[in-house]
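Below, subunit A partners subunit B and then partners subunit C, in two separate complexes.
And now, the complex of A and B:
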């Protein structure tokens, strides 16, 4: 039983790591732009396909492919902000429609480029770190956890220790006041969407050899990410990280000790309970402005 | 031609041209009728998922049918009644969605004029059934769990999924008697649940103990580590993967490997098993039992197998679609063999005549031998063609047919167990909605 508990904790920690990366990116985009990005799961998918193209097909080193995924999806995010999201700034309904359109376009492009079948990505490493008898973690999963901690730590430092970080937080808290202080809202939006997309992209790239990589892989991730940001409090980065951990642990434990279908229901019930007890989420403020 | 138009059209030239044209038309009308008869085309509908999660059980089947059609047409087509026919497949991608399947069936029947429609079935059949009821069109499914007393024009002529899974368990029990217990996981859908009931019955019949309840997972699952952790916590001799889609079988096998499982794996399918080996090892995959052979297997060239040149078909398929051979690559083509034989026998391509000819005498030639039209006890209608089914084992990285298990024989001994488990999961025809 102890082995089962410890192995489940290991599994949940991995799930929390990549989910936190995706959810924090989603929060960042919503916080600064006020847009609910339904295509965020497709940013995750794009990152995974960077690994398919560069690592599996062109046989470039895995880490280089992951880095390329981060940069490429970040650039896609910046382009998206300039062409699609900025005209819809603070227009939640318009942003929603645009992001759904983007979702369909990105899925179609992936289908056209790679086909609909699951991609077979050779594992970069099949080494397993044994923590104790019956409890182990594949090195590939350990790398995802390390990368998530590293990237989220770097993001925290960026937001709390740099001028652009202050500007982003100010833009999220009160866009008008931030603009009056001379902060370029366009620049802030571009950075927020670029970083948000890059985080989703790197999550997809890192996990590509571990999950089913196919054009519709963003669906399940985006649903989990939405639950996470609602539980954490829409607009709260700290809330997103905490909620990702809570959700991943609840989901993984219920999957392991009950079954996966019940786990999905429990995940939704968790969101419902938080909305009833604390409608703004664990760390959410009453409104965005 | 340019010369002709550059000159003025005189009366002499007009009369000359008209005479030549009339002569050509008259000559054409004197050609043997046979030449025109060969232009008769039977349109066959292919209504299956060609994109999306379940495409692996649709698209390879269409590819196989196209090879079958080209071979048939190249051989001069087929004589049905007084006419000679060639084949044309009209495909419609239902994306494994009941609504799209209904739209596809309507289009294939009313706009394309098909005479027979092949489907994967499963979740898509309820969308199509009203169309079948209204038109009397003959359909086939790969999933007999679609059958019920109301589905009078639906046949399961190639695959008796999931009933044939009993042959793998039976073989395992006889050949590896040291295996005493098992765990099973499955996706919670129309394909997974009846298969769980079948495996439970087969293991019970074989005297192999279940260590845990079946572990069901959401079809949207992407990380299978928790599922595998739970299964391995029971320390089973056998892990059964049920009828999991290819996209699940591969990551589950990888997780079994990474979490240190060294026991026996049994699965309905192991499509692209070379990729499983790539992600694990030859040693890990050794002995994996499943139900779908490669068609280069010499056992398929033996007497009693009713599939035209299986080894050459496999070679041709792999030349055209390298690395894409899967469970259904041959199945729809084998249904076409059965349909063609029935149409020849009936002397007609009309659905009701073909159906009557196909079921005449209560037996038919299945791909793996003679078989019976069966299913009344389980499905409420004898529309499933049941006979032998291969048990396949991976040996040294290659799928090998170990035997052809006899499904009716198993049913005669253990049918009550299957009914019991099907009832427990609400899968009997009188329990389905």
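And now, the complex of A and C:
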């Protein structure tokens, strides 16, 4: 029993890691642009397909393929900001329409390029780190946890220690006042969407060998990520990370000890409970803080 | 003239907020715009900073046309704007708010000395460097908003109702600060509903009434003007 408990904690930590990477990007984009990116799950999917193309098909090194996923999806984000999101800034309905359009386009492109079947990706590492008798963590999953901690730490440092980090936070809190300080909204948006997309892409790339990789894989991730940002408070990056941990633990535990469908329902109930008790989320202060 | 507003009009959808106003701010001293609530004072400053487009006319700063430029470009030319309602960044610390004011500056050592200058001008901000701006009192937030604009090393400062909602002692302190800033050679364009304070501080004044310049002149003379006394000074 203790083994199962510990094993479930390990699994939940892994799930929290990639979920946090996806959710934080959503929060960043919403904060600076006022747009909810419904195509964020497809950024995640694109990252996974970078690994399919470069690692599984072309047999390039796994890490190189993950790095390529980060850069490529980041660039897709930058292009998306310039062409689709910028004209829709602070226009929630317009943002909804263009991001759902983008979602469909990216899914179709993936289907055209790779087909709808699930991809087989040979695991880059079969090693399992044994924590104690009966409790192990595949090195592949451990890498996801390390990468998430590293990247989220880097993001925190960027936002709290650099000139553009301050600018992004200021733009999210009061875009007009930020403009009066000489901060270009266009530039701030480009950086926010670029980083947000890159984080989703790297999450998809890292988990590609561990999950079912197919063109519609973004669905389950985006639903979990929406629950996470609502629980955490829509404007709060720290809240998103914490809520990702809470959600992943609840979901993984219920899946392990009850079953997967019940776990999805419990996840939604968790969101409802937070909405009723604390509509701004656990960490949210104002709508776009 | 440092700044010239030439026959500028601004409309918000249905409402014409400014109608062909013309104003000038010289390279030194304090110019004020007074007027009742809704007269268009805030709109005038927002137009100068590029936050609202002109429907007609133009705005010229240091001989260059700035109307039509994006707000961040206008800030880069050295126009510091302390907006109505202070608009400090609530979830940034005092220090981080001041840093955003220095966003465009590349002279790191001068920025450091400007931090110290702002902190010595506003000791209360120095005590609260690491506090979030939302935890400050109204007067402290006003000081932070002014400090943030000074971090730009502005060639001109726009102040929108710095006395709004503040206790009389704090208003006096803000008035002293404005005089100080002007004394260091930064020209000030001050918007106020508090006409008494504004006319006392300013060298020259414009009176806005429903979007038009109704009257303008040397501040001391306007202070004695019958219409101004009746309409704005409660005499």
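Methods note: the second predicted complex is superposed on the first by the 288 of 289 C-alpha atoms of A that agree within 3 Å, B and C clash if a C-alpha of one lies under 4 Å from a C-alpha of the other, contacts with A are read in each partner's own complex, and residues count from 1 in each chain.
As a convention for this text, a residue touches a chain if its C-beta (ideal position, glycine included) is under 8 Å from a C-beta of that chain, and two chains touch if they have at least 3 such contacts.
Predicted, not measured: the structure shown is a model, and the values here were computed from it.
Peer 1: Please indicate which partner A:178 is in contact with in the superposed arrangement: first for subunit B, second for subunit C, both, or neither.
Peer 2: The answer is second: A:178 touches subunit C but not subunit B.
Peer 1: Once the shared chain is lined up, is A:136 touching subunit B (first), subunit C (second), both, or neither of them?
Peer 2: After superposition on chain A, A:136 lies in contact with subunit B alone.
Peer 1: I'd like to know which partner A:90 touches here: subunit B for first, subunit C for second, both or neither.
Peer 2: Neither partner.
Peer 1: May I ask you to decide whether A:163 touches subunit B, subunit C, both, or neither, giving the answer as first, second, both or neither?
Peer 2: second
Peer 1: Please determine whether it is subunit B or subunit C that touches the greater number of subunit A residues.
Peer 2: For subunit A, the partner with the higher number of touched residues is B.
Peer 1: Looking at the overlay, does A:59 come into contact with subunit B only (first), subunit C only (second), both, or neither?
Peer 2: neither
Peer 1: Enumerate the residues of subunit A that count as touching subunit B in its complex and touching subunit C in the other.
Peer 2: none
Peer 1: Across the complex, what residues on subunit B touch subunit A?
Peer 2: Contact set of subunit B toward subunit A: 51-53, 55-56, 188, 215-218, 220-223, 225-227, 229-230, 233, 246-248, 250-251, 254, 257-260, 272, 275, 278-279.
Peer 1: Mind pulling up the subunit A residues that touch subunit C in the complex?
Peer 2: Per the stated touch rule, the residues are 163, 166-167, 169-170, 173-174, 176-185, 285-286, 289.
Peer 1: What residues on subunit C touch subunit A, complex-wise?
Peer 2: Its residues touching subunit A are 49, 51, 70-72, 75-76, 81, 83, 87-92, 96, 99-101, 103-104, 148, 152.
Peer 1: Which of the residues in subunit A end up touching subunit B in this complex?
Peer 2: Those residues of subunit A that touch subunit B are 3-4, 7-8, 11-12, 14-15, 111, 116-118, 120, 122-123, 126, 128, 136, 138, 141, 210-212, 214, 216-217, 219-221, 223, 252, 255-257, 259-261, 263-264.
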